[in-house]
Amino acid sequence: MDHNTNLLVVSAHAADFVWRAGGTIAKYVKHGANVSLVILSYGARGESNDLWNIEGQTLENVKAHRHGEVEAAAKCLGVENFEIWDYQDYHMEINSERMDRLVQKIREVRPHHIVSHGPRDAFNPDHEAVSKFVFDASVLSTSNGVRMEGTKTAKQASLFGFEPHQSEISDFKPEVIIDITETYEQKQAAMNCFKAQKHLIDYYGAKAALRGNHARRCSGNNTYQYAEAFSRSFPYVGGEFV
Amino acid sequence: MDHNTNLLVVSAHAADFVWRAGGTIAKYVKHGANVSLVILSYGARGESNDLWNIEGQTLENVKAHRHGEVEAAAKCLGVENFEIWDYQDYHMEINSERMDRLVQKIREVRPHHIVSHGPRDAFNPDHEAVSKFVFDASVLSTSNGVRMEGTKTAKQASLFGFEPHQSEISDFKPEVIIDITETYEQKQAAMNCFKAQKHLIDYYGAKAALRGNHARRCSGNNTYQYAEAFSRSFPYVGGEFV
Amino acid sequence: MDHNTNLLVVSAHAADFVWRAGGTIAKYVKHGANVSLVILSYGARGESNDLWNIEGQTLENVKAHRHGEVEAAAKCLGVENFEIWDYQDYHMEINSERMDRLVQKIREVRPHHIVSHGPRDAFNPDHEAVSKFVFDASVLSTSNGVRMEGTKTAKQASLFGFEPHQSEISDFKPEVIIDITETYEQKQAAMNCFKAQKHLIDYYGAKAALRGNHARRCSGNNTYQYAEAFSRSFPYVGGEFV
Amino acid sequence: MDHNTNLLVVSAHAADFVWRAGGTIAKYVKHGANVSLVILSYGARGESNDLWNIEGQTLENVKAHRHGEVEAAAKCLGVENFEIWDYQDYHMEINSERMDRLVQKIREVRPHHIVSHGPRDAFNPDHEAVSKFVFDASVLSTSNGVRMEGTKTAKQASLFGFEPHQSEISDFKPEVIIDITETYEQKQAAMNCFKAQKHLIDYYGAKAALRGNHARRCSGNNTYQYAEAFSRSFPYVGGEFV
Amino acid sequence: MDHNTNLLVVSAHAADFVWRAGGTIAKYVKHGANVSLVILSYGARGESNDLWNIEGQTLENVKAHRHGEVEAAAKCLGVENFEIWDYQDYHMEINSERMDRLVQKIREVRPHHIVSHGPRDAFNPDHEAVSKFVFDASVLSTSNGVRMEGTKTAKQASLFGFEPHQSEISDFKPEVIIDITETYEQKQAAMNCFKAQKHLIDYYGAKAALRGNHARRCSGNNTYQYAEAFSRSFPYVGGEFV
Amino acid sequence: MDHNTNLLVVSAHAADFVWRAGGTIAKYVKHGANVSLVILSYGARGESNDLWNIEGQTLENVKAHRHGEVEAAAKCLGVENFEIWDYQDYHMEINSERMDRLVQKIREVRPHHIVSHGPRDAFNPDHEAVSKFVFDASVLSTSNGVRMEGTKTAKQASLFGFEPHQSEISDFKPEVIIDITETYEQKQAAMNCFKAQKHLIDYYGAKAALRGNHARRCSGNNTYQYAEAFSRSFPYVGGEFV
């Protein structure tokens, strides 16, 4: 990865990109890649339980609060280029206007890799909807007949899926495990921006260590301490075994 | 891949390594990797139908004939380092002595990658037996308590599975597609060493072109003309998306 | 199959029926069956890349061009009875009016078999949408309470799914392999009506030969040279093993 | 189960709750649990074939007839608390208003267990739509940010899936088998309220006996004569093996 | 099916062929096919519980008793050509001598179809062992290099798998459903030869009726009253949709 | 669980029962259940890497060392009744004498539940062999015709599978999650008896916390802090939803 690498991350809710790919994102930024982050919603309805426990809470306040958290977390990871599309969550609904917007975004970013939610998440219907949304948009973005003012078709990006919260019952298989040892501290700092969700900070810290263990066992490389796991949508294609 | 790369190929019968991985093997040789090839049997009982149609045929003749074919094919691919263990095929049986022999071989070769049969082959029980044989030996080879005179434990190799003849009904998923455009002619030459099996030469030629089509579609890279597909036993582990 | 056999083919885009079932369709026509073909879209947005490379191209021109190709291909296969419903593709959206139209069509055709897209296509969201569309319409068509002027309920047709472009990663299993040796030339001629897509003509020619190889291996019948593979939605029901 | 147990049953059509869970429902009622039953549609279009065979039939008559059957069947099972939401079936469509209504219902009932259709039904698209509807509503009902006048968030209920008519081709796995020996007569009585569907009465009677056989074989407990099978959406969580 | 049709049935224990395929076997006999039945064991250890409840029971007595039952049942189905190989059951072990014997048998019978146990049976390890045994022997029987005095290679038979006792948890999919309405009385008579197993007689009677229901639903053909379901090992290959 | 509950644990290697079920075992002991533990091997070859790094190490020393660890760990969990059968590991081979021994053991213990390895373990062939061994023995133990001096047949136990080290690639699904909050300290103490394997102590500590998180999320019960996950071989059968 270097300054010629374009990475697009699409996060259904405000914090998904941190729990699920924070270390990997920080690593791409650190090594000079062009990282674009799209956050589809503030997660105000589905992932802000603690904020709603405050007497007199309003939707505007929740969004403002989450906006601050996202800004802080993005900073920890070094991501400068992020957008929040402010869709309603729980349920998130996809229509053709939204589809066009994401196709347009993909054609602008021209990503080599897109990282977003995988096809199944046993407890989160939004994640499943976004998975299909991103996949479909990636296909449309490559098609010459999907005409859009001022864009040209993109090459097919490779697609990687976040690890869902309960991996096995979501049929998640770790197909790609990325070593994040060198950026794990940044991930921790980014996670700490979501103070109200202490149980998740602990959870995804422990998870990164477990995936580090798997990384060592699968590769025999003992320098791997922390890792993040992803699924992939298409086969690896290349010049040699990796 | 370069002269620091060790590749071990384990082929159940005389010609499996050619049909299923010939282009990839030639590529590794061409780029200086250390390729070791173990052929477990001549395929005298299960994969020499045409030879047995000759009046008065004997097992010795069949083996001698197939030995010549293997030698010629290995030469086409540039493989100098091959062994034929001459096990009976159809059925191939694995016992602890054979297990020890393969563990020893792995510890000598110290392969980064092992390529052999994948776990399912809908029409070939030998291929399934060899798949388990290679997998188990690879695990034992890494264990310090499996003591063998004059060897030291190996690192866990990554394991890749050949594409079986009828992929879908063998539950094969192409997880790794290797571009073999630059060595496809060598593969063709090697396939032509098995003259009696013309239908297979046609078949695997067509297959390489189809996998080339898939390689282009998945990657957007139009230089890929011919390819070979493999399954993998463990997740990819590394520093970035591939 | 004979003149008492009703076959309905539903094709998402202009050329799907040719690549995926052209030989089978031609065979049914040749043996006197009543073949009805519904093409849901011209594939103007998703499957007409080459046409859009022409300066100043318009949607009308693309559709007109594709209409000519469809007419020519249908003629090669001997299909006289076809309709193009001209839905937008990429994405194709199904609503209740469209559902009613297809239910009506099924009740008119009264097909014994319906051939259309199978449930998964790893690179083509339209194919998946059409698969569900056809399945649901087939179920509704049999229900007495789905009232429609001038129709009466149909018997449950058996449903067969086209082979998708990348079979394994689309979870396709070839459950039914139809010998098309006697109509393969017609299929080739029909494929050649889509001149701009030379890579697909080569691809589906090679595929027909590969499926012919599988047909021989599974059956021991060596007269099979070319074949097309399909999935099926329901078990085979009948009086004896087939 | 006792008077502290809240059970919510969601039935796509008028009779689903009887065929698929009648014995279990009767048992919960008998042991004092609070059983709430929501029937989403009369099944007027998809599951009232016999009624539509009557000359001059109208939708109002069909619904009235089915209403009487539901009332009678609910009485046989002892269910007093039932609602028919009178959605159109075949296809049943879910929108956000309907989603809100079910979320509200769940928050009122506060069920420990929800029983409804499982994710796949090979012949019934409505059942699949309802499965997702109920699952999504159950998730939304637990989220503090899904604000609704006069409700408070529910705890996550455990979800159980009805056995579909053709279990294997619907990928149904019996994960939970409930002994209904003590209420089987009530189930029979309830089934007999749907006189026009004699083949289903026979079918689900035989099915209950088969599941009783499985219950005996899996447990070694020979008092089980009749049983109903269900899938489950989440793992069992508890203090000991069950 | 007619007098040119060769059917081979391989039954792990004494009664498996009756419960799982009795109606189909009787039908093939009735229509003149050549039916050969191989019963691998008396099921003395694993499927004769009731006999062992008799004080002073001996293995010889159990076998003699079961021999009588098999004879009677075969007669009911019209099968004249059967062999009992008297292997020990629970566990049944396969070695190369036994493999050779079955290969020889297949080459003599030259079956178009082989019916035996499918690959998974959640409660019966013998059935799984026999499934692999029959599959492997069928492959070896077609190979010219597997030399046996006085035999010539067979064509690849199509293989069908019995329905196991608990279908879903054995991953059984009914791929082929055979109408046995015309021979159902014979199946009942054959089942009644195993008097001690009343619960199985009831069970498989009910099962035949359920599969009849599925046969009607899948085909729309209402003459089907009783049926037996099978899995298949290879795709259907033929000239038209069935 | 109480003093009427019999639990049998079968562990392939010396420490498996601690990592995978230590908290659950301690809980059963604490609540008075009869826990029997069979350890099939010392894991001297496959799971004692550190010990073999000591100059001049011998097999006897390794076994003696591991015996001490097992004794200490069993004591921490409160298990008094354990046996080490001292089979060779890596590979563990099962023969009929060993099968008889386990059948006999099951008939003596008469377990309600058996806990052992599940069917798949992506990195450990021994675990897969033991899974089948235990399953088959459990089936044989219930069969009256499997005659053994001084035993009588057992009832079918329910079987639960340990979580393998890399759950997803071993196709593990957590079907049963047992809360071990009250005995987690005992599990930690038992893990600490295997000092040389610090990375596993950390790993399984983190795992228990993650499963605790899942337990809370699936149930809404926030008292669950630590948990262990298991698969199950048969459906749950009982009187009500759990």
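Chains: A, B, C, D, E and F, in written order; residue numbering restarts at 1 for each.
The working rule: contacts are C-beta pairs under 8 Å (C-beta built on N, C-alpha and C of every residue); 3 or more make two chains touch, one makes a residue touch a chain.
By chain, with names taken from UniProt: A, B, C, D, E, F = PIG-L family deacetylase.
This structure is a prediction, so every number in the text was calculated from the model and none was measured.
A.B. asks: Tell me which of C-E, E-F or A-F has the interface of B-E again, with more than half the contact pairs shared?
C.D. replies: E-F
A.B. asks: Could you tell me the distance, in whole angstrom, between the mean C-alpha positions of subunit A and subunit D?
C.D. replies: Those two chain centres are 37 Å apart.
A.B. asks: Mind checking the centre-to-centre distance between subunit C and subunit F? Centres are C-alpha means, answer in whole Å.
C.D. replies: The computed centroid separation for subunit C versus subunit F comes out at 53 Å.
A.B. asks: For subunit F, which residues are shared contacts with two or more other chains?
C.D. replies: As it turns out, subunit F has residues touching two or more other chains at 123, 169, 173-174, 214, 217-218, 234-235.
A.B. asks: Taking the touch definition from the header, please name the shape of the chain graph: line, ring, star, complete or other.
C.D. replies: other
A.B. asks: Go through the chains and record each pair that touches.
C.D. replies: Listed in label order, the chain pairs in contact are A-B, A-C, A-D, A-F, B-C, B-E, B-F, C-D, C-E, D-E, D-F, E-F.
A.B. asks: For the complex, which residues does subunit F have touching subunit B?
C.D. replies: 44-49, 51-53, 62, 90-91, 93, 122-125, 169
A.B. asks: Subunit C touches which residues of subunit E in the complex?
C.D. replies: Residues 1, 7, 24, 27-28, 112-113, 115, 142, 155-156, 158, 160, 173-179, 214-215, 217-221, 224, 227, 229-230, 234-242 of subunit E touch subunit C in their complex.
A.B. asks: Under the definition above, what is the set of subunit D residues touching subunit E in their complex?
C.D. replies: Of all residues in subunit D, those touching subunit E are 123, 165-169, 172-174, 199, 202-203, 206-207, 209-210, 213-214, 217-218.
A.B. asks: Contact residues on subunit D for subunit A in the complex?
C.D. replies: Those residues of subunit D that touch subunit A are 96, 99, 132, 135-136, 139-140, 143-147, 233-235.
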